[in-house]
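Quick heads-up: structures coming right below.
Both of the next two complexes hold chain A, though its partner changes from chain B to chain C.
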Partner chain A sequence: MEVLQLLISGISQGCVYGLIALGFVLIYKATEMVNFAQGDIMMLGAYVAITFISLWEVPYYWAVPATILVMATVGVILERVLLRPMIGEPHFAVLMLTIGLGFVLRALAGAIWGNEPRALPMPYVGDVLRLGEVVIGYENLAIILGTALLCLLMWLFFSFTRIGIAMQAASQNQLAAFYVGIPVKRMFSLVWALSAAIAALAGILTAPVSLVDPLIGFVGIKAFAAAIVGGFGSMPGAIIGGLLVGVVEQFAGLYLPPGFSDMSAYVLLLVMLVIRPQGLFATMQKKKV
Partner chain B sequence: MRFIRKTRYEQDINLIKHNGQVLWYGLLLLALFAGPLWLDRFLLGEFAFVFIYAIAGLGLMVLVGYTGLVSLGHAAFLAIGAYVHAYFLNQGLPFPVTMVIATLFSALVGGLIAIPALRMTGIYLAVATLAFAVIVEQVLVHWESVTGGFRGMPVPRPELFGVNFASPTVFYFMCLVLLLGSMILVMNLLRSPAGRAMTAVRDSETSAESMGIHLARTKTLAFALSAGFTGLAGALFAHRLTYLAPDAFTIITSIQLLLMVVVGGLGSLHGVIYGAIFIGLLPQGIAIFRDSVPAAVAQIPGLEPAIFGLILILFLIYEPLGIYGRWRKVRLFFEEFPMYRKATYKRQKSFLRTERLQ
Partner chain C sequence: MSNLLEIRNIETYYGPVMAIRGVSMDVPQGKIVSLLGANGAGKTTVLKAISGAMDPQKGTVTYDGVDIQGHDPDWVARKGIAHVPEGREVFPFLNVDENLRMGAFSRRDAEIQQDLDMVYDYFPILKELHKAQAVNLSGGQQQMLAIGRALMLRPKLMLLDEPSLGLSPRLVHEISEIIARLNAEQGVTVLLVEQNAKMALEVGDYGYVMEIGRIVMEDTCERLREAPDIQEFYLGMKDHGVRGRRRWKQRKTWR
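Coming up: the complex of A and B.
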């Protein structure tokens, strides 16, 4: 029973990693850029939600969509101001740029909202669901259900809508997509909006479980490990990688000496890179000479 | 403007291209070796610090600037160098020996890390090194019998034949000589076949491989050398800190090292020095900045990393070639004075060729 309980808390933590990883993967797929600030955008999303709900006392059903909208706008602004000039630059330049962005966002959040951890009071916090002997907090359940719902929506969006298909085209070949009349740059803005919105959702879902402070964005590094374990550039891979990292972390926390829980995601990453460098769901291949 | 007429093939690989360089670099060396005459104690310490950074930067430049492999975890090698050095010093070994051990051990670890790293490029590698750095940090915290955990580890004073190497003047000269040695080593490396192979790997792995360059060997060598230099810098850094604790070697340190090579100018040894000066002076600059802005702004936690981040962003967008690139533009402007064309350094538009399966 203990195992099942651990599994569920691992899955709920893994869903958070998965959601952030999904944001990484979206941007990577569409623009071949790596956004290392994804975790910090999530942190920003959580703070915006706190501002709406705790400080301005906006009802939940308005606050959540408003947060997502605000963060989507932030995503577009970031893309237009910082990332647009970097199109065609080497990967690592963009990587460094977003690392720098992460530091700036962290200090910005600290300046606006202060450094003390804050709680996000959502209406479902505190209740638990009992299934036999297993106890699931509603906040964990919300994470799992929210992630599942989001995955379904994403799948529908990318498979059946015109914009979704155009986005796929832009991500597969920028030049060819441009030739057939897809506004590639606008697609990039849209992708950033989408991934910032997902990050905001991840922030809202995770805030009731862990308190929010400017440093929670460091979760992004673990989520990055998850994205690579899943095979960078694959959306189901991102979620599965996230779940894997979350579950492994929980079990390492119980069965291994202290310190291994924090390390487990990275150990998993290194092991994965040694035995299967392309990840679980490969989207890259080595160039052959 | 200087025109160099080449009459021998060796002129292409000579370290000294023309006599003007002898004059200027000679003057610079003279000024540096006369440092204790015109620098006070504080500035001597700061200069030594810049030299230490420059040694670490040389290591990172070999990897990032010349081999094109990005490492987000070089603080780990700095930490390994510092801890190994301090550990063996505490065991009673003389400090030149422990310094060599620290360098070699870091190089060995770097070579080992390269084994999984060989199979990946770009972001994968960056993240693998990041993961490695996090693991090293955790090991430093939890392996208390050796590292002292958060309590830290004292670094004994370096002494040899009754000379105290921790005194500002002696430490300054030690760092300067080690930097010059490393510099000459790297300059020679870069004109050797191994160094040329690294540059080829950076420019295109595919074409390098088809020219018969052994990718794995070149990358491993680059990693090991890079880690070795960084380990040496770590050993010197240990003396500067005098007390080692894991929080001196976090991801922020790694980013700082990377910031140094990017801001200095990737792919040039001048860039390392400019970057080291920049990073060495930045804390002073930030202190001045803190004094000159209202207290509410100065009290923001994480202000220092944020300024690092901002500078990084500005350089990447507006001057990707770094300080050295800017200097070259300025120099060209004066060399060609009325005829300077802005378009000379204009960046070409490029499309990204995907590495993914289609």
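Coming up: the complex of A and C.
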């Protein structure tokens, strides 16, 4: 029973990693940029939700879509203002830009909402679901179900909608996408909107479990490890990688001496890089010259 | 007869390297214009300058009476210029059907399905493979897919960049027949860039020859076929006559 219990809390934590990793992968696949501020965008999403729910007392069924919408807009603005001028610049410049963006967002959040941890009072917090001896908190259940629903929506979007397929096309062959008339630059904005919206959802889901402070965005680093474990560039891989990291972390926390839990994501990353450097779901495609 | 596309004096650079040194060309409505030249002559760059993938530093590209240089390639595509780039450039992990439908991305009319059937009519093999991922297609099939995808735009002007590249002679023949048919049946104006001079001069109405960034010859394809320089350098019909002409001594370039 203990194993099952650990597995479930690992999966719920892993879903959060997976969602952030998904944001990394989406942006990377579409624009070949790595957005290291992904975790901080999640943090911002959590704070926006807190602002709506705790400060302005908007009912949560309005607040959640509003938060996602606000963050999608933030994503578009970031892309238009900061990232688009960087097209064609070296990768490390973009990297530094997004790392810097992370610092700015953390400082900004501290200035606006303060540095002491805040809670996001979602209506389901505190209740538990009992399945035999296994106890699942509703907030954990919400994370798992929310992630599953999002994955389903993403799959439908990318497989069947015109825009979704065009986004795939633009990420597979940017030049050809231009030539068939796909507005590739607008697709980039859309990808940023999408990944910021996913980060916002991750923030909303994780906020009831862990309190929100300006530094929670640092889980982004673990999520980054998860994205690599999954094979950077694969969307299912990002989720699976996230789940793996989450589960391994929980087990390491119980069965290994203290400290190993926080380390486990990176140990997993190192092991993966040694035995299967391309990640679980490799999507490395040959670049044509 | 009006010109669908007029290029006037364009110059482009790759960094400090001048790739096109003042090229002017006309592509008349409803015709097939061939652009010949060796590797590195700047043929592909001319196409890129037309479709907006590269902006010319100088000169104008006028399409249908409008200056189009300096715009993004997707904007140019929506104006009705379909660029089939060198090396096919299909969307590797989309299937044939999705690839073709992406070609019609900018269109919102109800006749997309009809055009899809038309493309499948021209390329029956694609219909058989319509659920296959493009990456698994053979080179010739990918070339057909790239041309078919361009057709889905309902282009007025098609820019074809070396459609014969890496194809067997039979397929080259097949592709050139398709190009001629598209021109005749769909009224598509074609600008064809080729190294395969034989094919380009057979299918084209008018031809330009480029060398090191300049147009060095232009004439109807019929007359170009007869021109001694073209026969020697591009068609490989070397005259083994009196004392064997030693071309490297006689003439290295046309400049």
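Just so it is clear, the second predicted complex is superposed on the first by the 284 of 289 C-alpha atoms of A that agree within 3 Å, B and C clash if a C-alpha of one lies under 4 Å from a C-alpha of the other, contacts with A are read in each partner's own complex, and residues count from 1 in each chain.
Definition applied: a residue touches a chain if its C-beta (ideal position, glycine included) is under 8 Å from a C-beta of that chain, and two chains touch if they have at least 3 such contacts.
In this text, all values refer to a predicted model and were calculated from it rather than measured experimentally.
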With both structures lined up on chain A, is it a clash or a fit for chain B and chain C?
fit
Return first, second, both or neither, reflecting whether A:173 touches chain B, chain C, both chains, or no partner chain.
both
Here's one for you: vertex at chain A, rays to chain B and chain C, all C-alpha centres; what's the angle to the nearest 10 degrees?
80
May I ask you to decide whether A:165 touches chain B, chain C, both, or neither, giving the answer as first, second, both or neither?
second
Using the superposition on chain A described above, determine whether A:34 touches chain B (first), chain C (second), both, or neither.
first
Comparing chain C with chain B, which touches more residues belonging to chain A?
B
Of the partners chain B and chain C, which touch A:86 in the superposed model: first, second, both, neither?
first
When the two complexes are placed on top of each other via chain A, what is the minimal CA separation of chain B and chain C in Å?
5
Does any part of chain A touch chain B in one structure and chain C in the other, and if so which residues?
172-173, 175, 285
Using the touch rule from the top, collect the residues of chain C that touch chain A in their complex.
51-53, 72-74, 77-78, 82-85, 87, 89-94, 98-99, 101-103, 105-106, 135, 149-150, 152-153
Which residues of chain A touch chain B once you look at their complex with the stated criterion?
32, 34, 82, 85-89, 91-93, 95-97, 99-104, 106-108, 110-111, 115, 172-175, 214, 221, 224-225, 228, 232-233, 257-259, 262-263, 265-267, 269-270, 273-274, 277, 282-285, 287, 289
Across the complex, what residues on chain A touch chain C?
162, 165-166, 168-169, 172-173, 175-185, 285, 288
So in the complex, which bits of chain B are touching chain A?
64, 70, 72, 115-116, 119-120, 122-124, 126-128, 130-132, 134-135, 138, 141-142, 205-206, 209-210, 251, 255, 258, 262, 297, 300-303, 305-306, 308-313, 316-317, 320, 349-352, 354-358
